[in-house]
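To keep things simple, chains are lettered A, B, C, D and E as they appear, and every chain counts its residues starting from 1.
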Amino acid sequence: MVNFPRSEATGGTETLLLNVGPQHPSTHGVLHFMLEMAGETVVTAKPVIGYLHRGIEKLAENRTWQQVIVLTDRQDYVAQFSNEWAYCRAVERLAGIELPERAEWLRTLMGELNRITSHLIWYAGVTMDIGTLGTPFIYAWETRERIFDFFEAVTGARMMPNWMRIGGVRTDIDPALLADLRTFLERDFPKECDTYEALLTGNEIVVSRMKGVGVYTAEECVHLGITGPFLRASGLARDLRRDAPYGAYAKLDFEVCTDPVGDSLARCRVRLRELRESARMCIQLIDGMPEGDIAVKVPKALKPPAGDCYVRTESPRGELGVFVASDGTTRPYRYRVRSPIFYGLSAMPRLLPGHLLADMLVIFGGIDTSMGEIDR
Amino acid sequence: MSAALWLRTIVGLVALLALLAGVTLFGVWWERKFIGHLQRRRGPLHHGWHGLLQLPADMIKMIAKEDTVPTAADSLLFQFGPVAAIVPAYAALAALTFAPGIALIDMQHGLLYVFAWETMLPLAFALIGWSCANKFTLIGGLRAAAQLISYEIPMLLAALGVVLTAQSMNLTTIINAQTGWWYVFKQPLGFVIFSVAMLAEMNRSPFDLPEAESELVAGYMTEYSGMKFGFVQLAEYSVLLVGSYLIAALFLGGWNMPFLPASWLWLALKIVLLMTSTMWFRGTFPRLRVDTLTQMSWKWLLPAALVNIMLVAALALWLGPKVY
Amino acid sequence: MGIVDRAEEAGFITTTLDKLLRWGRSRSMWPVNAGIACCSLEMMTTGAGRYDFDRFGIMFRSSPRQADVLIVPGPITKKMQPIVQRVYNQMAEPRWVIAMGSCAISGGAFADSYNVLPGCDTFLPVDVYIPGCPPRPEALIYGCLKLKEQIANTSFIGSAARNKALYVPPDLGEEWPDELLRQFGVLPADDSSEGGSRDVGEVRDEG
Amino acid sequence: MSASTILVAALACAVGVIFVLALYGVVALLAPKNPYPLKDAVYECGHEPVGDPRVPFRVQYYGVALVFLIFDIETAFLYPWGLVARSLGWVGYIEMAAFVIVLLVGLLYAWRKGVLKWA
Amino acid sequence: MRADVLDALARHAATLDESGFDPRADVSVDAWAGLHADLAALGLEFSDITALDRIDAVELVCWLLSSPSEQLSVRTSCLNDRLLAPTLSDVYPPAEFGEREVYDLFGVVFEGHPDMSRILQPDDATTFPLRKSFELAETPW
């Protein structure tokens, strides 16, 4: 029996021990919250994870450097390209491999499109949590399907592309697909973003549910290890794409979306603005895509020099760090993923107490969990 | 009780039962189709014409589904739960007048009789929630009790405005008093308060906290399997029917239609339109939080209802019965 | 005490009732809203606008009590196994299981992992296997239609006795621990009073 | 409310109950029945429930119930006046206005005391 | 490297090596908590805590951010027979989950940790899988 935290600071009233468990409609995957509730207010919240721990880090030590990319797709199954990209960047830095210009631009394009699909899934999850019966959920899913058609045309698979290679990418994107994507992003996507904004931040009931709920300052978030849109919504413009630019981000002009308020509504506004920002970036990427080959020749039995390195990438959820160690053989010696929401979840026992059950789901929805990345 | 009265009652009750089952079947199908098309998808399609055969299939499956009774639950109350949910709404149907002459019981205080049954609902949901010994149902049941209690007073006071102008509680006289201007034009504030409170009584969105899908798994009916879940759905749709009828009869002029002969068809049309609008709300509105819900009733609807009564009474006395 | 389930031979009444039950149960399959991993996203895509599940009368229910089908979308880890088994056992009869994705069939891409079970049929009686990583929404719909055919074609007469055997995977029948057999109701729960009511009793005083 | 209407109303409840019991009978006839300990355990997201669910009520339910009682009685007094308001004329109106204002003050008092706050 | 960080490292007898990709500081196990307390006071942010299995010892690696773009790794190693290290969770709150994971997968116990229990594996698990001594079943393909 897992030990259940029972706090005495409940002023003597009897508390209800509630398992908001792995099989629950709004825990976005197999997350288990052990809540101690006084009536409807949460007294203590203890997240229990590990229900999807497939041991990816141990399996990576059983694969060659190239085969690990298959595992990275299934790590954070909502933003696959950013996982692949983080891993490839780490290995390329360790092995000292320089990429051709076009490969960097292609990777950046897919990374930004993946940010759009990941934020759309967050949007669908948040609207389901506050109670709309799925109408915004299905609208967001429709837009995501359009982008998945593009992924499928380029990489051959909808969700598990396995498209990036160490030293470049697997397939090129022909200009007709790019032109079609460009018209979608320029003409239809902003209109759909307006409907999403109207359905969420424009709706009075949502504003009454989210305004002033879970207000946290930037110092608190940094101290508790939260990064990404949750931190940017508290006013701190911390974004790796601008602080430590990689890929083609240095050549793009984009604005880091922040929001001074720091409540749940601000987090929604930041992510909705990031949707538009990513679309704008993709258009610039499509226009300025340089010519050239898409990958550099890398030996199949790649043996990076012994040593280790740690590379941080901006995934849709925050700062995704990959720590790779090699002992000169064809298999990684150690593969470690620093998941942004693993540490975001460690902040939850401090952020959730004192809120109603309905507010707890709204605040917890703010860190946009995807269990594959937390449990690895 | 004369033999003719016995016959009339039995036939009436069976007809009401058929009406209830029909409204539930039609309601569930129409809701899934309507919300489907609201969400750019088709809803039930492949079983029968546009999914019409979907409903008998659901009913047969639910009837032939095992009836699990948790050992920790209080089995007597657990089995009695659906009865407590269906009987109030079904019995309230008996006093509704669906056409100029057609009503099972045309009693002087029809409205009071319906409201009496309506106050049984919080008891039923709290009982269901408490008996299942499941934490989600307990929270759901208590939420249902709090919500229905909070929204009962504004509903009664808003209906008082109508009773005051029509000078009687008999549904037929109330509807006949609306041959000219409907009460929705004479008492717009009363109409708004009554429909908001009735929406809360029916547990329809945005007030569907008791069966909050995303927080409490399935609210107070988490432990109900098979036909018990069917019963609760039957209860929900019968309350929906009674609620839509009341809004249509009290404020939208029942079977009167301007410039057209009065017939029960208009009443049926109004009821269907009102039910569809609740489904439309269910498809778009998110859910209110518990405290905003109770605050809204006690701090806004109740004072507004009292002010509405004083206003209506003053107008009635000042303008006299012919005009107002 | 379903007359169709308990009947030994197919009389006139039982066959007509059986045909009716088969028709009803196959046209309305309600899956449990149990998302585990990447395949749960494809399950949601099938529920969303483009591949709409609702056309076939398949509506997601969050509580297992009201569900008929348990779709297992993702790898089952050692920590998740008791949860999925408990959710399956709390579903009301008659119930079916769909193993969606190669992780649920055989552990998939994580077959050599120390924490992933080789497929969910080690502890659940699976009816339909849908390969793919993740299977496309069309594959999931095809799997559900296959299950619909299976329900519509297998007779429910005398299924109560058969169901009992079905609960436990036939080939592993002998080595199963008694405690698990008791939970499935194969071994009578009463003779081992400490086993059967153990979990209910033990919870009472621990709380 | 003549005797026959009361009888018909009672008959309506009886038919409601009979309808539910009849369907229970059909369910008992058709539905399979196979209870065993794990199935009859209370559902809690896949976990064994810890602690007794029947925890005593929070105090604000009691407060809201009391306020409901007061205003329910107020409605009970307002309805008879509502029926005959036109014939009573302005005298009745003034008295009822006083009654309603006293109750509004009562509501304001409950509001300030925080009984209506739900947190 | 900032001057105040340098003398903080010197104070705790930490050897600094800037030859690799990122600056790396090695420190002994008992100075681990003290050094991190000073570095946190200087405003370095916590990024990640993880471990490397060096066959006869487990090397603890803690990545800190001196500025949004520069990172610094502080390392120590605990021998196999004494897998013990002081906890950082009072200085860096997110380290609480990171240390529980290192305990779960490597077996290093952190003294003073509020809830030293397994986080990813089932609670009754006995193995520490990320140690090289733990053998995986051979890849079936």
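By definition in this document, a contact is a pair of C-beta atoms (placed from the backbone, for glycine too) under 8 Å apart; a residue touches a chain by one contact, two chains touch by 3 or more.
This structure is a prediction, so every number in the text was calculated from the model and none was measured.
**Student:** Which chains sit in contact with both members of the pair chain B and chain E?
**Tutor:** A, C
**Student:** Taking contacts as defined above, which has more of them, C-E or C-D?
**Tutor:** The comparison resolves to C-D.
**Student:** Give the label of the chain whose average Cα location is farthest from that of chain C.
**Tutor:** Max centre-to-centre separation from chain C belongs to E.
**Student:** If you average the CA coordinates per chain, which chain's centre is most distant from that of chain B?
**Tutor:** E
**Student:** Between chain A and chain D, what's the gap in Å when you average each chain's C-alpha atoms?
**Tutor:** Chain centroid spacing, chain A to chain D, equals 46 Å.
**Student:** Measuring from the mean C-alpha position of chain B to the mean C-alpha position of chain D, what distance in angstrom results?
**Tutor:** 14
**Student:** State, to the nearest whole Å, the distance from the C-alpha centre of chain A to the C-alpha centre of chain B.
**Tutor:** 44
**Student:** Taking each chain's centre as the mean position of its Cα atoms, how many Å separate chain A from chain C?
**Tutor:** Computed from C-alpha means, the inter-chain centre distance equals 32 Å.
**Student:** Mind pulling the chain E residues that touch 2 or more other chains?
**Tutor:** In chain E, residues 121-122, 129, 134, 136, 139 touch at least two other chains, as defined above.
**Student:** Which residues does chain B have that touch at least 2 chains other than itself?
**Tutor:** Chain B, residues with two or more chain partners: 39-41, 64-68, 71-72, 135-136, 138, 213, 217, 222-223, 226, 290-291.
**Student:** Going by the touch rule set out above, which residues of chain D reach two or more other chains?
**Tutor:** Answer for chain D, listing residues that touch two or more other chains: 28, 30-35, 37, 39, 41, 43-51, 53, 55, 119.
**Student:** Mind listing each pair of touching chains for me?
**Tutor:** After working through each pair, the chains in contact turn out to be A-B, A-C, A-D, A-E, B-C, B-D, C-D, C-E.
**Student:** So in the complex, the part of chain A that touches chain B is made up of which residues?
**Tutor:** Answer in residue numbers: 16, 18, 24-26, 40, 127-135, 138-139, 142, 203, 205-206, 208-209, 356-359, 361.
**Student:** Under the definition above, what is the set of chain D residues touching chain B in their complex?
**Tutor:** 1, 4-5, 7-9, 11-13, 15-17, 19-21, 23-24, 26-28, 30-35, 37, 39-45, 49, 53-55, 57, 61, 64-65, 67-68, 71-72, 75, 78-79, 82-86, 89-90, 93, 96-97, 100, 103-104, 107, 110-111, 116-119
**Student:** Show which residues of chain C lie in contact with chain E when the two form their complex.
**Tutor:** Residues 78-79, 111-115 of chain C touch chain E in their complex.
**Student:** Which residues of chain A touch chain E in their complex?
**Tutor:** Residues 2-3, 49-50, 53, 55, 57-59, 61-63, 93-94, 222-225, 238, 240, 243-244, 307-310, 312, 319, 321, 323, 325, 333-334, 336, 338, 342-343, 345-347, 350, 375-376 of chain A touch chain E in their complex.
**Student:** For the complex, which residues does chain E have touching chain C?
**Tutor:** Interface residues on chain E, with respect to chain C: 121-122, 125, 127, 129, 134, 136-140.
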